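Each of the two complexes below includes subunit A, the first together with subunit B, the second together with subunit C.
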Partner chain A sequence: MNVQTQISTAYQDEIPNYRSEDDFITTITTARPQVRVMNPNSSWFKELEGRFNELTSLPRGWDGYNGIPVSFSCALFAGNLIERLCVNSLPAPQLVPMSDGTIRLEWHMNQFDIEVDVLGIYDVFACRTDLLSDEEDEIEVQMDFTELSNWISELATDRIGALAQVGG
Partner chain B sequence: MQRPDHLPDFSNPPLDEVVLGVQFAPVPGYTSVHSLKVWELFQNEFPKIQEHPVLEPQFETFGGANVQAGPTIHVGAPPAGSRLWFLSDDENHLVQFQPSRFTTNWRRQANPQPYPRFEGLSEAFENNISKLAQHLASEFSYDMEINQAEVTYVNIIPVEEFSEAGDWFELWNGGEIEIEGLSTSFNEVIRGEDGKPFARLNHRIQSVFTVDGKNKAFSLSLSFKGKPHGSDVSSAMDFLKFGRDAIVTRFGKITTEKAHQHWGRTE
Partner chain C sequence: MSVEPYDEEEIIEGDTIIRRVPLQQLVWDSNGDERRQRISKGLNSKSSRPKDGMSVDIEALMVNDNVDPTEYVTTPVFHGAVSFSAAEIRALDLMVGYDPIKDDSDLPDNPYHGEVWKKTEAKRFSGAQQKGLRDAARWYVEIEGVELK
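Let's turn to the complex of A and B:
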């Protein structure tokens, strides 16, 4: 008894092919959104959607040299990362394109600099500099964002204010 | 490959569908025109074709504040092309192909064929995926880089009333409640020996009706998804085997003794 005779149970998140209301039949290239968001959970991604569009549509040589646009796989994984890490009370990261098609997420606040390089699918390198102690931490991330998430939570701490309180 | 002794075994399990699949980095330069040559690889065994919408990339990730975060962001041009189903004559077996995924399904049909067991299904899948990988290497100079794998077992458990849930599932204690419908799902994060997460085991129980609406059943779906330790076919097969063990063991734990007797537990 296969009660689901019309569908396969594999990958049940499937979506129908996207079709815009006015399909273009000309071959003239027009600026069309590259990023499609289905029911985004995070305020960060809503805020950054336009920036993702911009970075994945960069012209070749955008940096004055041989820079290529941010690759779809890097943008896709960066989007996944942002959805998971989002803390609504914190500002969204700055998105910085790299000339090799990778993308960097940056936060600079409360005496922390955090730079997260998304180099590909399951390939992330993150670096945090503590400007108060001059300490640097580096981590490589594949699937588990827990440590990176802790860094983001710590970004919210007003450390200067806390130090002032301790100092009386 | 032999069935491991430690797994619970049943002479008449309620299994309705088994799915083994891998996702890989998209094949550069592939277009619909190339699909004929892909079908030719499998045509003898799977002579029928159906066309379905392509599936978007999906990644299992862990940690972070938003545990419900899902595969909701899609980057790149809207999906063009299609996902092809190549079906066996009796339609019990099929393989699905799109230039970033390869999947095989065994499903119970009106013409019941014996379930080839995981061992048979996975051996055939490994042969087929190796055939595909060789084809993509020779036609596109593409080295298949697998980034996710999945094994899913779907069981259909016919019931008179949904209030019988407690007879079948250990985790349900509905008491005297007259249940109109039941839908529940939960995930377990699976960790490796190093304590790091690498997969999820998703459990889904849902009350369903037969297509004619006359008969009730519970659908119990167990899915094991994640990233194999390497990106080659052999790593993916290890992952699928591990996932199958997790699913079958869990099936034995979350279903009742009474249910086991009904399905003819053989050990």
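Let's turn to the complex of A and C:
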């Protein structure tokens, strides 16, 4: 058995870490959905790349039970989402691994809590709590990320300053 | 896990149900006067496969075996844990039962392992259930400098 170098990076195909001795010909795997971060350029991506790699390399049982590392597909999709949502004036989201290999993006600032669960490719659930009004919104996102994008834009607005102006 | 979701009659209302807190699930919160570290609401999540639940440890089983629960749930590396009563879990329309971990080549056996399940198949606990668990949680093994919510 020829042991390949094990690479731990979120931005690659999921590959086995060994190859059988008689596997002289490169095998073309059957087509399956792949999500790639195309030309990642955002400041958020650059900041979070190491964290993605850490979370996809977590050991089995990392949560004290039977937790598995963040799956490459969830990490890849989350990476693409981050590229799409990036607002340079905002800090990058915090990445929280879930026990089942999914990943959550979180922001807690500007009197908002925003939590975005990436459950799979185009399978996203997001929740926003407005701490000023105590309103809670939940959205399931599959193809259209416009509303989630709007949430992130609103996260960047100066709400306290605006409230102070209204108050006189 | 392999057990079908069910509600265990032996687990009585006042029993303590423990959930370990990994450092990976702590977040920084800048809302409020001071930036602070707290537990992510994600700690109180079920696995996204429809019949899976949220892993917990059942204190009464450890006590029956003369095992120190505080030591058990923080061994070897886990830093903190929170707890709920079984009644608090059931009040959120959730079930709690035994699901021991045994003979898994990647994991140590845990005969005290249980699960908290939804009564219906779903990918996630509802927002109200997650919030209810977070509000009910109290420190079992406190992590210094970290807030519950």
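The rule is simple: the second predicted complex is superposed on the first by the 129 of 168 C-alpha atoms of A that agree within 3 Å, B and C clash if a C-alpha of one lies under 4 Å from a C-alpha of the other, contacts with A are read in each partner's own complex, and residues count from 1 in each chain.
Going forward, a contact is a pair of C-beta atoms (placed from the backbone, for glycine too) under 8 Å apart; a residue touches a chain by one contact, two chains touch by 3 or more.
Not measured: the values here are computed from a predicted model.
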Touched partner set for A:148, first subunit B, second subunit C, both or neither: first
Which of subunit B and subunit C A:73 touches, first, second, both or neither: first
Superposed model, subunit A: greater residue contact from subunit B or subunit C: B
Which of subunit B and subunit C A:85 touches, first, second, both or neither: first
Partner chain in contact with A:117 - subunit B first, subunit C second, else both or neither: second
Residues of subunit A contacting subunit B in one complex and subunit C in the other: none
Interfacial residue positions of subunit C with respect to subunit A in the complex: 1, 20, 22, 24-25, 27-31, 40-42, 45, 47-49, 52, 54-55, 73, 78, 101, 104, 106-108, 110, 113, 123-124, 127
Subunit A contact footprint on subunit B (complex, rising order): 16-17, 19, 21, 25, 52-66, 68-80, 82, 85, 94, 96, 101, 103, 105, 107-109, 147, 150, 152, 154, 156, 158, 196-198, 208-211, 215, 217, 219, 221, 226-227
Residues on subunit A engaged by subunit B in the complex (per definition of touch): 1-5, 8-11, 13-20, 34-42, 45, 52, 56, 72-73, 75-77, 79-81, 83-87, 121-122, 142-149, 153
Of all residues in subunit A, those that touch subunit C in their complex: 55, 58, 60-67, 94, 96-100, 102, 104, 106, 108-113, 115, 117, 119-120, 125, 127, 131, 136, 138
